[in-house]
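Next come two complexes built around subunit A: one with subunit B, the other with subunit C.
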Partner chain A sequence: MGRAFAVFLWVMTGLSVWMFVNGKWWFPPSISEHGPAYDQQFILTMVVVGVAFVAAQAALGYAVWRFRDTGEGTRAVYSHGNNRMEILWTGITAAIFITVALLGQRVWWNLHMVAAPAGSNQVRVVAQQFQWNFHYAGPDGKFGRTDPRKISDESINYIGLDSADPAAADDSVTQTLVTAVNRPVELNLAARDVTHSFWVPQLRFKQDAVPGLDVKVHFTPQTVGQYEIACAELCGQQHYKMRSYMLVVPADEYNSLVALPQSQFNRRVGELVRKYPLSY
Partner chain B sequence: MAETEVPNEVHTHEGHAAGHAGGHGAHHAPTGFIRKYIFSIDHKVIGIQYLLLALFSVILGMLMSVLMRMKMTWPEHAWPVLGTLFPEGAPGGVMTPEFYLSLVTMHGTMMVFFVLTTAPQGGFGNYFLPIQIGADDMAFPYLNMLSFWITFLGLAVLVAAIFASGGSVIGPTGGWTGYAPLSAVGHLFNVPGQDMGVNLWVISIAIFCVASLLGALNFIVTLLNLRTKGMSLMRMPLTCWAWFTTAVLALLSFPVLLAAGVLLFLDHNAGTSFFVPGGLSNGTVVLDHSGGSPILWQHLFWFFGHPEVYIAILPGMGATSHILSTFARKPIFGYRAMVFAMFAIGLLGFFVWGHHMFISGMSPLTSAAFSVLTLSIGVPSAIKTFNWLGTLWGARIRFTTPMLFAIGFVSLFVAGGITGLVLGQSSLDLSMHDTYFVLAHFHLVMGVAAIFGMFAGTYFWFPKMFGRMMNETLGKIHFWPTMIGVYAIFIPMHAMGMVGLPRRYSQFYEIIDGKMVWIYNFNKPTHALIHFVTWAAIITVAVQFLFVFNFFWSMFKGKKASDNPWEATTLEWVTATPPPHDNFGGRVPVVYRGAYEFGVPGAPEDFVLQTTPDESGPNVAYAAEEQGTGNGHNGRG
Partner chain C sequence: MQSNRARLLAALLAALCLLSLAVACSRSADDEEDAAGGGDDSAEVAAQTPYKPTGQEGSIAGAVSFAGGAPAKKGFSMDADPFCASANPDPHAEDIVVNGDKLANVFVYVKDGQAGGKSITGYSFEAPAQPAILDQKGCQYVPHVLGVQVNQTVNVLNSDETAHNVNVDARQNEKFNQGQPPKGAPIIKQFKRAETVIPVKCNQHPWMRAYVGVLQHPFFAVTDQNGKFEIKGVPPGTYTVVAWHEKYQQGQTMSVTVGAGAPATADFSFTGQQLASGSTEGGVLRMLPALDLPMLGAHH
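Now for the complex of A and B:
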């Protein structure tokens, strides 16, 4: 039984490692500036995890193979432990774990602790059941006032844009996020009903959109194309298809889009969606 | 925690008279069926009651998980039997998305509260903690009975939620974490299940909190005050340390959840706004609530929720240590380090709840701090793993069924725990959060590892509890497919998570005109894995009924067990099988040594009972000078 167990542990360990290294199941390619740093940290961590996993399972397998009771009537080694070994492996584990933890702070720091570069494109995101709304300030660069009392799905005012505010006159609201390649963009996330979470796997981050909070997050997309936006926080029965798309377009197309008046904005977005289709 | 003798004056007759006014002190076994088996104050009966409650809950929870797998794998398939059982939840036999979400919620709630928190602690802990420390019962037997029946009430209310949530669902649909505002005002957004479903769910949890609190108090007092002569803290079996640490965690964390539950109930029913901010709109009207914070709910919930993970796993660690040492025929490696590691895990467990909230919108600086604290929990966890390996090193392992599950526990604990290194980093959680990677991580470590601890405990202690052995052959036939099955289910989930498969999605593709259309194209690479995992789950779940059969069959038809069938050393193996009503038949076991004296050189056998005064002499259950003092048992006679 001990040998069978050992073989099982080794085979299981081998198959598990295979799942992670064969390349079939991996992140979609990163398209954001911080993506490579994320991937690097993930791989570093997985190497540490993998080595520890293989070492522990292999050692467990060895122990159950080697130290099975062979029925010879001999007794086990009588020992209550070894303090020097305890201190040694505790020290080594602590050093490795803390190092990984500290290295891991870099991506977080760049994404959340460093302010968005001056002049970043600004988009307000308002999540609702089961739809994403993206609010653009229009040519004047000023977001119009919003008021929850003005929200009306019937008259297609999903975010409660207040038409009494002059700054709102040129604002556009769309259900597709459009960004410019290689230009930093800052999202200002909010939710109008329950908590949702903004997630594009290729961007390597997700961020909850929380009712009552304005959460800022910034990134720089680097590859032109169309990508899926998923909701990553359970928000109700249609959560599984609260889907939208993010476009990354050349800077000049972005600039001409955001200069458009409200009346032409969404039609142009539709054209861009067809021009840069989903490529995966 | 030095090796001091127990202050015996605690055990005087006077000292207990007040606590036991109510007839228990007389130690007469009850004769009526109801007092003996239903409203029993005997910790052994209560322990078995907890185990049966957990068994009922785990079967329900398991069947729910199979339904969930079926829904996501064959989203549009019609199962006529489901159409009959749930005409609204599965119209025509096709499960609806909201029905799926209610399964998610009920599976999680059932498993976390009524399985992982009841069986390891309320079940085995109740039965064996008093015996292992040489006491005749828990400190407060009536409180103990109350704990169980309050837990039972909590379960009854949760089961009621299955029937009373409004037809299309079998409970609330907000997940076991019940995030506000969805759980507080979801009904105002017409989310199914979020009306009466949420009410029953939160009442059930609140009741459960009360029961756990009473239980935890009882465990702590029992362990500190009722240890028999010679049972110093550092001579206790590691199981006792685990139950004790767990009780402390429960005592400190359940009140927080109880308070949060009451506030949520008020938000939901009384129009308060603890967790609901102002200005919420359903697209037509603005809700009346204002001033609350959704993040507050998450803080309160996870302040309980993270220690809860350790509440589920620590008793499994204790049982594993106990069983590994017994069948390795070797003392536990680094007993003291094991005790300190357990306490370190418990203590650190209170400082890391924020790692569930990295992306919640809380201050990013807080996340950075929680991240470093979280990874530091890996250190005591690693100590435990090293010491288990150290215990096996140089052993003479006997591969009984409980030992197989204990070794399986170590393997699963490593496999599940180690990915905490990934998820504990706020940076990496950015992408991994709420994907199947998380599902894989916590199911391995808090789900199946903890369940393996329970299986090990059941096969190990069954002979003591029921006087008969469980069938070993059936046990091994149960073990192998389970061991292979749980890895087949959960290892691929890591890969699915890396691809990006999100949690709590009722389906990933739709069938349109007979063609499969992915809702998210980025999930496409997981197709084969989704099917593989579902089949692995169905087979693994089916195999569990072997265990259920073995359990009940052996209770009546199993081979008769001797008092110490495993040649183990601790006090539960000193007394009769099954133990008499007062555990030691009116005698006082006196403890002379640590809990795991196996393979002692010069001893006549390869194990020395804790009650043996002279290790080079034969094993004795009761030392000569202590015999004939039957009336003085624990000073309670």
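Now for the complex of A and C:
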């Protein structure tokens, strides 16, 4: 029985490793400039953790095999352990984890803490239960003033855009994020009610939108297409329905879109949504 | 050691049992209070005289106009839900609907008044057997403003191939927030108390908003696309008539006298400024809680 259990452990370990290395279950292809760095970091972490996992499971199987009940009635012996060994493997584990974390910080830092390149496209993101709103500054490049007291869902003013501000006259708000291919875009994330999290799996990062905070993040999409935006933070009963789409379009299409007046903007976004099929 | 732990667990379990018992008791106390409240209502109803039509009833008709130039129709996108976007490709905001200079979706109702030497609220009126319909079609409510009578059956339909949730934010009546699957079975409800006006929303489609006015009598109407309304079967008397609009919830009032078998006219006019002020009930801005937990407010 002891032997069978040891073999079972080894087979399960092999199957688990195979699930990751066969390449069938993996992320959707990366479409962002930062994507490869994220993937590299992920693979490094997977390899480190994978080696430790296989070694630990193999050793567990060995112990189960070696110290199985052989029917000879051998009494179990109490072992207090070995302090030197404990210090050694705790030290090695800590060193590996800290190194991996520091490497990860470098990737994260590049995305969040390094300012977006000058001339990045600017989009303000206002999350609400259960919808994403994307605010474009319009041809004047200036975002109109917003005021929470002006928020009115039934009047289709989801972000509280103040029509008294002349800069707001050409602003557009849409539920589809439109970006230009190979052009850096900076998102300013805010939330109206609870914490939401902006996630496009193909961009590889998740970023919380927190009420009361203005959170910046930037990326450069590199593949034209349509991608799903999910909310990655449980935000209420209809969290599962908080879905939007991100379009990556050629620069000329982007330029002509953001030059459009408010009244034509959403119609054009709708046309673009139908033009570019969804990529998974 | 073992027995100590067992004793601790037993004590914890006992405390938990007591706590749940206490919660259950306080709940039933609430229920009893509710039941007592209901009893008071029925006593009130019993004191009312059932209204018997005399054949002398008149009507109140009129139009609601919008002064100061119609605002531009505000189009928007329903792209967040692909079904809505395909079913309703060119939707418009329904908060202010003006055709020419006439304002639609105004709830006009008799607030109080004297009929036959007696207050209109002193009469009881049987609820119509015909249910009122609130449909969800193309991810908008049809109608946008609905008037119903106390105890009248209201059928909330979902004609859409997408899920909605019907979140009824009542103050005097039972609040409820119920999910309805695509083309799901109707949600059948009755409002037990008069309440003007109950907002209804769908949390999955933030633009969706409807308003239900509940009155104890049948003397109400909603202005049509041409701003016109007609309240029929009004007993002769003098009444305070209110015109309520979602963007001007304190409403406008007018005193109207209905003669025997005669039609009376009540024309109202709202200004763009009034509606733009966006004042809500009592002129107080109602703040929503940061975390809307609809399931906590629901009693099933």
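In this section, the second predicted complex is superposed on the first by the 252 of 280 C-alpha atoms of A that agree within 3 Å, B and C clash if a C-alpha of one lies under 4 Å from a C-alpha of the other, contacts with A are read in each partner's own complex, and residues count from 1 in each chain.
Assume a residue touches a chain if its C-beta (ideal position, glycine included) is under 8 Å from a C-beta of that chain, and two chains touch if they have at least 3 such contacts.
Owing to the predicted nature of the structure, the values given are computational and were not obtained by experimental measurement.
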Item to check | Fit or clash between subunit C and subunit B when superposed on subunit A | outcome: clash
Item to check | If touched residues of subunit A are counted for subunit B and for subunit C, the larger one | outcome: B
Checklist entry - Of the partners subunit B and subunit C, which touch A:Met1 in the superposed model: first, second, both, neither? => result first
Checklist entry - Touching A:Val49 in the superposition: subunit B (first), subunit C (second), both, neither? => result first
Checklist entry - In the superposed arrangement, does A:Thr174 touch subunit B (first), subunit C (second), both or neither? => result second
Next on the checklist: Once chain A of both complexes is superposed, is A:Gln129 in touch with subunit B (first), subunit C (second), both, or neither?
Outcome noted: both
Checklist entry - After lining up the shared chain so the two structures overlap, which partner does A:Val269 touch, if you call subunit B first and subunit C second: first, second, both or neither? => result second
Next on the checklist: Touch test for A:Tyr245: subunit B only (first), subunit C only (second), both, or neither?
Outcome noted: second
Checklist entry - In the superposed arrangement, which partner chain does A:Arg149 touch: subunit B (first), subunit C (second), both, or neither? => result both
Next on the checklist: Looking at A:Arg84, would you say it contacts subunit B, subunit C, both, or neither? Reply first, second, both or neither.
Outcome noted: neither
Item to check | subunit B and subunit C contact sites that coincide on subunit A, given as residue numbers | outcome: 128-129, 149, 152-154, 158, 193-194, 211, 236-238, 241, 243
Checklist entry - Inside the complex, what are the residues of subunit B that reach subunit A? => result 96-98, 101, 173-175, 179, 181-182, 186, 189, 191-192, 276-284, 286, 292-295, 328-337, 359-361, 364-365, 367-368, 371-372, 374-376, 378-379, 382-383, 385-387, 389-390, 392-399, 404, 407, 410-411, 414-415, 418-419, 421-422, 424-428, 430-431, 433-435, 476, 483-484, 487, 491-492, 494-496, 498-500, 502-508, 519-522, 524-526, 529, 598-601, 606
Checklist outcome for this item: Within their complex, subunit A touches subunit B through residues 1-2, 5, 8-9, 12, 15-16, 19-20, 24-28, 38, 41-42, 45-46, 48-49, 52-53, 56-57, 59-60, 63-64, 67-70, 74-83, 85-86, 89-90, 93-94, 97-98, 100-102, 104-109, 111-113, 128-129, 148-149, 151-154, 158, 160, 189, 192-195, 197, 199, 201-202, 204-208, 210-213, 215, 228, 230-241, 243, 278, 280
Item to check | In the complex, subunit A residues that touch subunit C | outcome: 128-132, 149, 152-156, 158, 174-176, 193-194, 211, 236-238, 241, 243-245, 263, 266-267, 269-270, 273
Next on the checklist: Which stretch or stretches of subunit C touch subunit A in the complex?
Outcome noted: 74-77, 79-81, 85, 89, 93-96, 163, 165, 201, 203-204, 206-207, 209, 246, 278, 285, 288, 290-295
